[in-house]
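One chain, subunit A, appears in both complexes that follow, with subunit B as partner in the first and subunit C in the second.
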Partner chain A sequence: MVDGVRHYDAIVIGAGLSGLVAAGLLAEAGARVYLIAKGGGFLHFTSGCVDVWGDGTPNPRASVTRVSRELPNHPYARAGTESLEKGVAFFSHVMADAGYPFEGSLDRIRLMPTAIGSVRATCLTPATMSAGDLVDTAPTLIAGFSNYRDFYPPYLAANLRRQASINVTGAYLDLPHLHGRKHLLSTDLAHDFGNAQFREEVGRNVRRILGGAERVGFPAVLGGERAQEVSTHLQTLIQSSVFEISTLPPSVPGIRLHTILRRSLTRRRVRVEIGFWTGGRIVGTRAESLVVRSAGHETTYTADCFVLATGGTGGGGIRAFPDGRLQETVFDLPVRGPNDRNAWARAEFLSADPQPYSEIGLGVDARLRPLDRSDRAIENVFVTASNLPGWDPVRERSGEGVALATGWRVAREALDLLGLRSESTPVTARAQS
Partner chain B sequence: MYQTDVVVIGGGATGAGVLRDAAMRGFKTLLVERNDLGTGTSGRYHGLLHSGGRYVVKDSISARECIEENRILRRIASAAIEDTGGLFVTTPDDDPTYADHFAAACRDTGVTCEEIPVAEALQREPLLNPAITRAFLVPDGSCEPWALIDANVQSARDYGGEAWPYHRVTGFECEGGRLTAVHVEDVRNGGAKTIACDFVINAAGAWAGQVGELAGAPIDMKPGKGTMVVMNHRIVNTVINRCHLPGDGDILVPVGSVSIIGTTSINVPDPDGYGIEPWEIDKMLSEGEKLIPGFAGTRSLRAYAGVRPLYSDQSAKSAQGRDVTRSYSVLDHARRDGIDNFISIVGGKLTTYRMMAQAGVDMLCGTLGLTRPCRTAWEPLPGSENGVYESMAHRLAHVEEEGGNEIELVCECEFVRRTQVEQVARSKDTHDLNDIRRELRLGMGPCQGGFCTYRAAGVLHDLRHLSPDATNVALTRFLEERWKGIRPVLWGDDLRQIRLDEEIYLNLLGADRFRGAE
Partner chain C sequence: MSVADFPAFEAHRIELSTDACIKCNVCQSYCPVSNVTDLFPGPKYVGPQAQRLRIGPSVDHSVDYCSGCTVCTRVCPSGVRIAELNSRARAAMVRARGGPSLRDRLIARPELMGQLSRPFAPLVNYTLQNRLFRLALQAVLRIDARSPMPTFSRRSFRAWHRRYPYRSDRKVAYFYACSTEYYEPELGEKAVKVLERNGYQTLLPPQNCCGLPLISNGDYAAARTYAQRNIRRLLPMARAGIPIVATSTSCSLTLKQYYRDLLDIRTEEADLVASNVFDICEFLRILYERGQMNLDFGEVDLEVAYHAPCQLKSHGIGRPALDLMELVPGLLPIEMDAECCGTAGTYGYKREKYDIAMKVGETLFEQIADTGAPVSSCDSETCRWQIEHGTHRPSLHPIEILLQGYEGKA
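Moving on to the complex of A and B:
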């Protein structure tokens, strides 16, 4: 080994859901993995649920099968339904193992209230959100905090009454504990909820205004990773069901996922580094190395394979320029998308149809390997999620589903390449502690 | 029927200025505006308080007007004006002989101007093109149009004046060569109203021709579109002008936490029917590059366009775009069209709004044979009595000093406090989030309304000012309004920001999927 050069079996670039899951699967199968990312990944901004397909149809699995058939360029069609099932299974397993179980199934849509009282169609949710499922029409109290800016119970309740025909009221808790606290963030409240005395204060105040409500919805700030315990304790205190509602970033449920997945990587001896710029080198049809730039120096790493999970135009994996150029930022791979900035967006922001900028991505082959400018596959690079073309996570409500499906699929492809594949590995093996 | 002495048509800076001036001179005055105040040209300009330097060589009348009013506005409207100062710089792309013409013309027109060494200019503005060869300091400033308009209206109200936003003029009652009444439509609530009046002042700016036509007094307006691009950073602290004959993309104005580059100049047939062309954006970025190397690679936030209320009289009928004078005219329709009690104020700049208002009300007094002197040049506007401009630093200081829940920030980008939003939300002139935006700069910073839109909607709803359906409509309108400005500059980090904002508003909040609403 040359001084300053390190070698890994696999280098995963990107710390979003697909990158974290791919790294976990690779490590679990015995690969030596290095995960490097420029930023903390998109989970910090997400709902913390697993969206699979949310167009109003009742069965996400059936929708994915249909999409795979009708849209051959959709990531679901490329990854396959099996990848989705196995990716979701692996994810659920890691979460359950960490004491933060997920509930729901690929066969039934879950309709959850949003922070403005609209309805979001998701698939799996953390157990801490389950009681909010709008299939259940039990009378509901929505509770917020008077000096927390990112949750407005009366507005939420007024909308939800109309949207879901549920008897729902909204109220602010004015808690002495929070008096004088400036600029409260979701993460501050999550910290407070880790404190049993604070929970008791919340419990007492909610009991006073509970009325006939049979469940109480809070913004998703009920503790950090121990949210399951926190929420169970609150249910005991309030003597009614309790559920969380995702609200503005920083997303506490998203951060929980990031933290749990990242810790599971560390346990599997994955080296994780966040906060660095990277540039890769391709020779012929093979990616050779990755240069990592940190303050004052550069280090070159080599690997047998690379997972490119850099998040497309939103995550920084693909950069769009005013002259219409689209640039893949690590390996400078060719990007599929219109080279005309006027063709990147629709006239309406809230358009129900996919935004062209979302559909920009890298050309890939059937094994999710990127194509170079001569349409040759780069044989040891695998592409996930938002780096893939032909989908719109937001309008499809499919972000986590595609991340898990493609994360699982690229891990399998990489393991094949490394000769490490074993049929039983990804789903059933237990995390090392 | 409503009865008043004077009806002012148009709620831009000029109309608001006329309302104040007429009310101060004892006329019972009512302003009608088809939209919210400051939504036409006044709210869609680059925010420059002209020193006049831009016009000294080619348009000396306008230059003299600008410097005179510049001095007056600093006195009466300090709360709306940031004293940034301005620089005229000669870049390698500019004719080097222009600088001497410029300096001489400044002397001739009375525009204060001091040549400073290039090194000093670069020290003052380190990002400036180091290849500049000359630099002149002038008293340019940055002006917040909505604050200025609101202060004029507030002052007018103190003198008994009234303003009706969201009232569109649909026609006039005409009897014996006089306009006896104005018909308006209540745009918000529906229904027609008639305002009986003694006098009508048309201050509709680029729309003055349309108003004139309704009154039977055709006015040949030449609306001139100008496009501007808002850059994410306060790239400069001083207004920067190219030292050459006015052209496209040669002014950079620091405004709050951002800076604005402008403009283009294109004649358009219809003041409402114009779009932003991609080449205009490219032009702004490439011209900006000549002033600030690296400019085009800086994050842009949004683009917008406004229409200049250009007017040319018969003698200069063939003038187009930049050749049309930026000076103003007060048209006496008694002489022109045989309508005794109707005048129009056309042309001009936001910087000269007060002078235009004065000229209009002077003509009104003259027509009626009254001697009532104008006092608007001396009496400070409400909020400007102590001569202080509240900068971003002041706003931050408020946030840090105040205690309790009221210091909650609804908008971190522009330091907008919850109490401010509540105060505006309670006002009867506030109908939606865009009204709050204009008042407080809500959603005008780097996050593009990503966080504050939801918060402001929640606050609005809580104050019971709006029903849930109306709140939803306000929220979605605000998002779409922002989108119009963002879409022309959607690349790089702006695109990343939008992908975060759509995660918030579509995925997390479901603002695209309200059921049973509307």
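Moving on to the complex of A and C:
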């Protein structure tokens, strides 16, 4: 008996932001989609905010327009500015429909405190973080939990006082509920915050130390996907504004995005497969199939088009070997970039100049289709985000913006190819509820 | 040349995968057990972190609270075989203690329980429904009195099958598993009928329990004996190119993968058997893809809340049951996204673990209730029993729903 062959309109490889969004857009337009990823998805490691451009300039949209003009190889330039706007609109719709609304605008940065009290420029944040915008200088209390690591309120407050010149103090809550517990992860606390009695205990303890603070910052653990409800309840209990601050992984706001996006996919009958390594096959200039190493035997999937959202060097989409060789891990497409290992990074770890490794990525044509070794475009494969060269999400603070822009753009390209595109599609985005 | 190219690597692939851990914590955030109890610190701590210290005696007894749902292994972006590390660590701990407890020896042998109970099925069932007896069982053996104990069937599936007349040139071998023979013979009967509707005659090669309950309870030595016997018994089918189908996704995963990966049975024979095993829905989906599936379904006006069990997800074959149910006109399967029902085979039956299993299952139970669907569906038997227990509504195997389609009635 030979193995089965499954056929889909589109196969999306990767469960990061660009892959999940591309899959959602495709499914919404009526495509049959299969999404496969070899791990639980990159969103678990992200802040849960939407960074667009954070070099200190006040207007992200204007920065993106400038970057698109000045750096023709930047993914923003390749995707087009319309893509960013539409990608962000789709994302915001899905989140709002799940009861986890995002706030902010492409025309203004938000300055958010980090877990170490530095100031970080982002663009959109979940509403549960909004009150933390440091444009507002209201007196602030930062509250942490005595047996939760990686979040130290006094340290955070001291740093923030220096960096943002606001009146801020930090304190640990020593809650009877948490006595005798194991050392807590953010996910454990998020689970506890799902419980109204726990919230009441937190509320009582915060009231006691509130002083003159007009807002209270917590580590981002205020419940799972129902964080909006949890945070509203806390505001009532404390009688002051409440906001979340992104934490080190496991990052609950990142997990929420993953959960909400993935749920919107299963509701649109996208098959989501997590945990398997794959290899793809290209014949001539067309990708034909993807082989999944299933238990006991292999399963082959075919599709009319493929979205390669495998996350570049950081996400496993591009593998770097000790000898400097770079390999694209699904289709073995040629990788651009320095293949001398010593030339990958500057001597200064946090250099203000671009790191050479940000030039590592796949060569693509104007439609984000990868180029083969003879520079011919693979006609039914589309490349997103970190698989593209010419940008650095860390230095630019542009990770989610690029993921949403390229995710939207490849979905449109794929829908054109499938003949499924309707003009209104991506903007009428609505998650089923 | 990488470490993977050394021959010794293959034999230690699971232990060596520890070194790939980058402490990213994604396994921690997915683990359904550590998310609801402090008794289990979580897969990262018990898996790759404790593994570095396991050179002599067992260092971390909390590994016993791992339910074996396997989500950690699937979500690990670095390829660490966390669930497998935990399973082996538990086996080493059990070995060091001189073997499993009496309870674990008993509940790990559903086949033996079935054989002993069948002649007295009505009496045994009556006794098992008796609250006082269950409390006594809980006191003596620490089997939780609230756990959803299946009832023993008086009928034998094999005996039913002997008299079943359908013959065809196209044949499949059916690994029906203990639950079909001793608890749910009707599921086996329905599977035979669905296969018949597709022109396949079902053969029942001699077989025994797959051994997964023994693996889960840390008794690798006994599991290996079971495994060797199954491989010997199923080999003629595999050699003849007859597909071996199974209605329990946990048993089929054991045959496909655990014999090799956990029990270290790496023979050509074992691999041949493994590559010939198919989940029954996976098999039917292959027929569909080849244009050979019977699509003569009647209308089934039914909403079904479908839960893909953990072990099915570890097959890496997508959602074959959903693919098939979507072929039935009128049928509306809705996929749940909660990771786990909590019971994980025998885990939820244990006195010290019942509450954890129910807490894990809560998310799934709520999701199923929220759909308003009158029935749920799942491919593994203990999960179905747990889901029925937690949702108070029937949970069916996808094959039972397909047969409704063939028989044209809801």
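FYI, the second predicted complex is superposed on the first by the 426 of 433 C-alpha atoms of A that agree within 3 Å, B and C clash if a C-alpha of one lies under 4 Å from a C-alpha of the other, contacts with A are read in each partner's own complex, and residues count from 1 in each chain.
Following the convention adopted for this analysis, contacts are C-beta pairs under 8 Å (C-beta built on N, C-alpha and C of every residue); 3 or more make two chains touch, one makes a residue touch a chain.
Not measured: the values here are computed from a predicted model.
In the overlay built on the shared chain, the residue A:R373 is in contact with neither subunit B nor subunit C. When the two structures are aligned on the shared chain, A:N159 is found in touch with subunit B, with no touch to subunit C. Of the two partner chains placed by superposition, only subunit B is touched by A:G314; subunit C is not. Between subunit B and subunit C, B contacts the larger number of subunit A residues.
Within the superposed three-chain model, A:K182 lies in touch with subunit B and with subunit C [touch as defined at top]. Of the two partner chains placed by the overlay, subunit B and subunit C both lie in contact with A:F45. In the superposition on chain A, A:P249 contacts both subunit B and subunit C.
On subunit A, the patch touched by subunit B and the patch touched by subunit C overlap at residues 45, 182, 249, 315-316. Put simply, subunit A touches subunit C in their complex at residues 1, 3-7, 34, 38-41, 44-45, 181-182, 185, 187-188, 191, 249-250, 255, 259, 262-263, 266-267, 269, 271, 273-277, 292-297, 299, 315-316.
Interface residues of subunit B facing subunit A in the complex, by the touch rule stated above, are 278, 281-282, 285, 296, 403-405, 407-410, 418, 451, 454-455, 457-459, 461-462, 467-469, 471-472, 475-476, 479-480, 482-483, 487, 489-492, 495-496, 498-500, 502-517.
Considering their complex, residues 24-30, 34-36, 38, 41-42, 73-79, 241, 243, 253, 255-257, 274-278, 282, 285-286, 289, 313-319, 322, 326, 334-335, 337 of subunit C touch subunit A. Across the interface of their complex, subunit B is touched by residues 42, 45-47, 51, 114-120, 146-147, 149-152, 154-155, 158-159, 162-163, 179-180, 182-183, 246-249, 251, 313-316, 319-322, 341-342, 344-345, 347-352, 355, 357-358, 393-395, 397, 399 of subunit A.
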